[in-house]
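Here is the structure we will look at.
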């Protein structure tokens, strides 16, 4: 077959035509790569508190000294506390330039692909001072490092959650719409019961049930399970509606009349028609999980301290003091925004690309 | 505050009237003498305007004894008066509806004389019948949800109320009752002529349903400075000046100064502050966490004032260990004083006060607010923060660190336990993170379990925790908090195995530690004493025992903070106290 | 059709019953109860708690409580609120007006904005204006609603505005309706509409765009075009009408969100709706209120579903109900 007639190749060509889609794809790729290498890219340990550097603003990196380019360096910040307002202010200590070192091994070891290592891409020597590229939180923990490690949670919650809830939703919704009859009635009743209970009471009930001694990975899986358990019912309903309509479309009824097997009809005629809808829904649902995780953090059911996720980090910024005094705490929110945006544009581009019949 | 001065004052206050008459020398002008404490006033106010305050949730009922709801109480405290109240500066009792009182030599009979000439807002005269109705039919009625029978009972026998004449009544107890006056301050006095018809004794269920929030506001009559005018569910409660208000300022002008008092219902504390900054609220309660931002605005020239001062009522957080936790190894550990001492060494109070409360907290007492009459200085027992000493004590218990740095229990299992806290409370969450971090450095793993603040108490009293960060509000008299600190009390949640069996009132003494038995006995004795000095000696000993034996580890006592608009008069700080009342504040020209 | 409706209603009864069991179980699952929360007050004694327990039948076995509650519902009595000492139905009714008003206004605004935008972005897929519109739409999806609320309030505040929450300025809350009060409401209303509506607008806009693109590539559209029908007719009579259908199922699901979807945003914005009321009741374990609201939400969902199905059958002749 000629390469130009290969549908996948054509889809790829169409995808490349969408500039936002391509950019978003690259952004997502970078985000996931960063999450994968988080331990290595993070200059500091995510749990170590620095009581002398509480709410420290981001440190500026200098590349020149006396007009000459030098190895990048930062100044150490000196904390001063206003005796009246108790606000901590930081001033650069110009007498203490601290060079940024690359590929240094220090601090607590982290796990990477099963190995224990303490190599970091960059950082300043522990004996010489601190380097907090995005500032610190209430406990003097490095926000940059926490965001990097937190991305591992936030970026995977959605993917796994969507896979689970879609598997259930498409299967049950499809069966329900295609076969109809008592199967349809039964599944409809189940989804109705699930949908009819508002999320909040369920979440609040569950938040008191997850044991405190669970390790972070269990809690993380538990959260995904909770989110996808709640998420599938709505999808099943819409899939059913679509299938219900498609079942009556001429080419499906024709296939039925010809005695084509159910499986063949579903795979050849119904699923392709649903695919573009499903892609849109999936890219819509993914950000929902990222935001859902932040809502769970709000209720105290999410990822627990001292672990991090973007939702948990953003919680620190949800008050006026932070907005006006420590605006850098909003960075996780910006990252949530970027990743959700990227997913949406990426999904749009995918949808257009997968749309086989559009020829314009 | 100075203890000797208090004793002198109480001796005076108990015998004769409340305030030296000289204080009111100026108060003979327009229509009546001054009758509220002069220390509430920085200047004489001017009449008019609207005072707008926030309310954190919708009030549940206007029937004070039918609901336990601080938001309803906040509103109703403007409508009803108590017999007496704590003075905002001295923390001593001053008369409100009561003009004077005396206690008999055997400390069993208290005679209270009421202020004359007070009228309910509908014009009916206020008399001792109203007081007797309130205490005998309502406040001590155990079938009403918010009854106060617990504080109106001594040694198991209810207090008896007797009318002497229209403006005098007696309270008689079977044993001397040292906290009798404090017990009388709890209850607002209700109008008998409006409520007796609902028969609270015979039909408590029916009585609880009257004065619901949809009642005609005209029905709800009070003696307080304001009366209800209207209520819009979930949005606003409006009160207006009580035309029959009896309060007079130092120049004899009728109080309150404000024509109207409005409560806007705003649930989110952030939005309360936003509304305050937008000028829609005159005052807003804040915590130490919000202090820097608002103080910065004040310093920057905004028309607000942010005040701080010490108070009795803030809730000092403490760290409790479940002495009855199912895991036998942890149970033994938590019951071990050396272990609890080690944990106390790991509590960095200085950092918590500085970073979590922004310096707006002090070292805690053990069950009593520091700086008040009953406080016994236990600070030397709090110890300095020292992870080395904590580690040393843990080593001495044989809890050695493994190769991974984690300490091991005798069975070889890792030393880890849960730490339950309210994740929706900023200070609690911060304290949890600091403790977890410090303990990790000495090889103890704390598993944080965040729950909703609203479920904290139920979790504690239900025993569903290993260790927990809790807080109980302090009260002016230790007797009022005996359910917390007396072993076997219903809020003494950390040692539930000594709780009495259902139907019994005796706790299980055989399960108690010797020091717990001592504390139990102290509370029993102090309840039945009239002499405040003797009571103080007993309560001193209780605080010492607590500081030495650490039933719970006290963390810090938050300072009171408040923010108000600069146009508010008589909202000020003096002698490290924040001073204001809704009837003494006014709008500056 | 009539038979179909009757059957649906009959089927709804066992579903509602199932939900009532589930709702009751969810409430019982939570640790602690309403009464335990009372004990913190220094004045409450154990004896009082026992008395109240008896008053509200809480000392009875769980199944007795359940049957008692169910019996009440059948008679139209939803029980008493522990917190407010008032009938549950009265309390819900008090808050119904603003809740329904806000919900319908939001749904209306959402649809009126989202459908045309969805059509526009579908027809101009690669244009910069579509990308910009998508960007704005996605903003709503990309930020938690309570954060949007907080940011908006912060923005209003820092630009010197005073309308930072609620539906009215304080002086208008209990004032009779007037032109000034109406204007004041409009000045407040835009924040809740943005916060609550942003998310829905983006969702519907995207769905509409996707559906329309799907429909436009269908054979019958090509046939219609081939027949020489005017592009306007093809687009509006055939394409758009068919593209809206799947959204009707979605609309059915929106009805119960009246009660629960915007709880946290409503708390932040101090809106007098049912959401915060449900939240308070949940925190305080005011079980009859919670159960009544959950049942109401279930009922609304079923009504919504039924309406959506009927509407779907009406606009889409391809769907047949036997």
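For reference, chains read A, B and C in written order, and residue numbers begin at 1 within each chain.
The rule is short, and it goes like this: a residue touches a chain if its C-beta (ideal position, glycine included) is under 8 Å from a C-beta of that chain, and two chains touch if they have at least 3 such contacts.
Here's who's who by UniProt: A = Oligopeptide transport system permease protein OppC; B = Putative ABC transporter-binding protein; C = Glutathione transport system permease protein GsiC.
Owing to the predicted nature of the structure, the values given are computational and were not obtained by experimental measurement.
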Determine, using the mean of C-alpha atoms as each chain's centre, which chain is farthest from subunit B. A
Selected interface, B-C versus A-B, where C-beta contact pairs are more numerous: B-C
Centre to centre, by mean C-alpha position, how many angstrom separate subunit A and subunit C? 26
Suppose each chain is reduced to the average of its Cα coordinates; what separation in Å results between subunit A and subunit B? 44
Between subunit B and subunit C, tell me the centre distance in angstrom, where each centre is the average of that chain's C-alpha atoms. 39
Sites on subunit C at which at least two other chains make contact: 30-31, 150, 154
Which residues of subunit A are in contact with two or more other chains? 204, 208, 318-320, 324
Subunit B residues counted as touching two or more neighbouring chains: 270, 274, 452, 455, 459
Complex contact set, residues of subunit B against subunit A: 270, 273-274, 289-293, 295-296, 299, 351, 355, 358-360, 416, 418-420, 423-424, 426, 429-430, 432-434, 436-437, 440, 447-452, 455, 459, 466
Quick one: which bits of subunit C touch subunit A in the complex? Just the residue numbers, please. 11, 14-15, 18-19, 22-23, 26-27, 29-31, 125-126, 131, 134-135, 138-139, 141-144, 146-147, 150-151, 154, 203, 206-207, 210-211, 213-214, 216-218, 245-246, 249-250, 253, 256, 259-261, 263-264, 278-279, 282, 290, 294, 297-298, 301-302, 305, 312, 316, 318-320
Note which residues of subunit A are touching subunit C in the complex, please. 17-18, 20, 185, 189, 192-193, 195-202, 204-205, 208-209, 234, 237-238, 241-242, 244-245, 248-249, 273, 276-277, 280, 284, 287-288, 291, 294-295, 298, 314, 318-320, 323-324, 333, 336-337, 340-341, 344-345, 348, 351-352, 355, 357-358
What part of subunit C is in contact with subunit B in the complex they form? 30-33, 36-48, 51-52, 55, 83-86, 90, 94-95, 150, 153-154, 156-157, 161-170, 173-174, 267-273, 276-277, 280, 283-284
So in the complex, which bits of subunit A are touching subunit B? 47, 49, 51, 54, 84-87, 138-139, 204, 207-208, 211-213, 299-301, 304-306, 318-321, 324-325
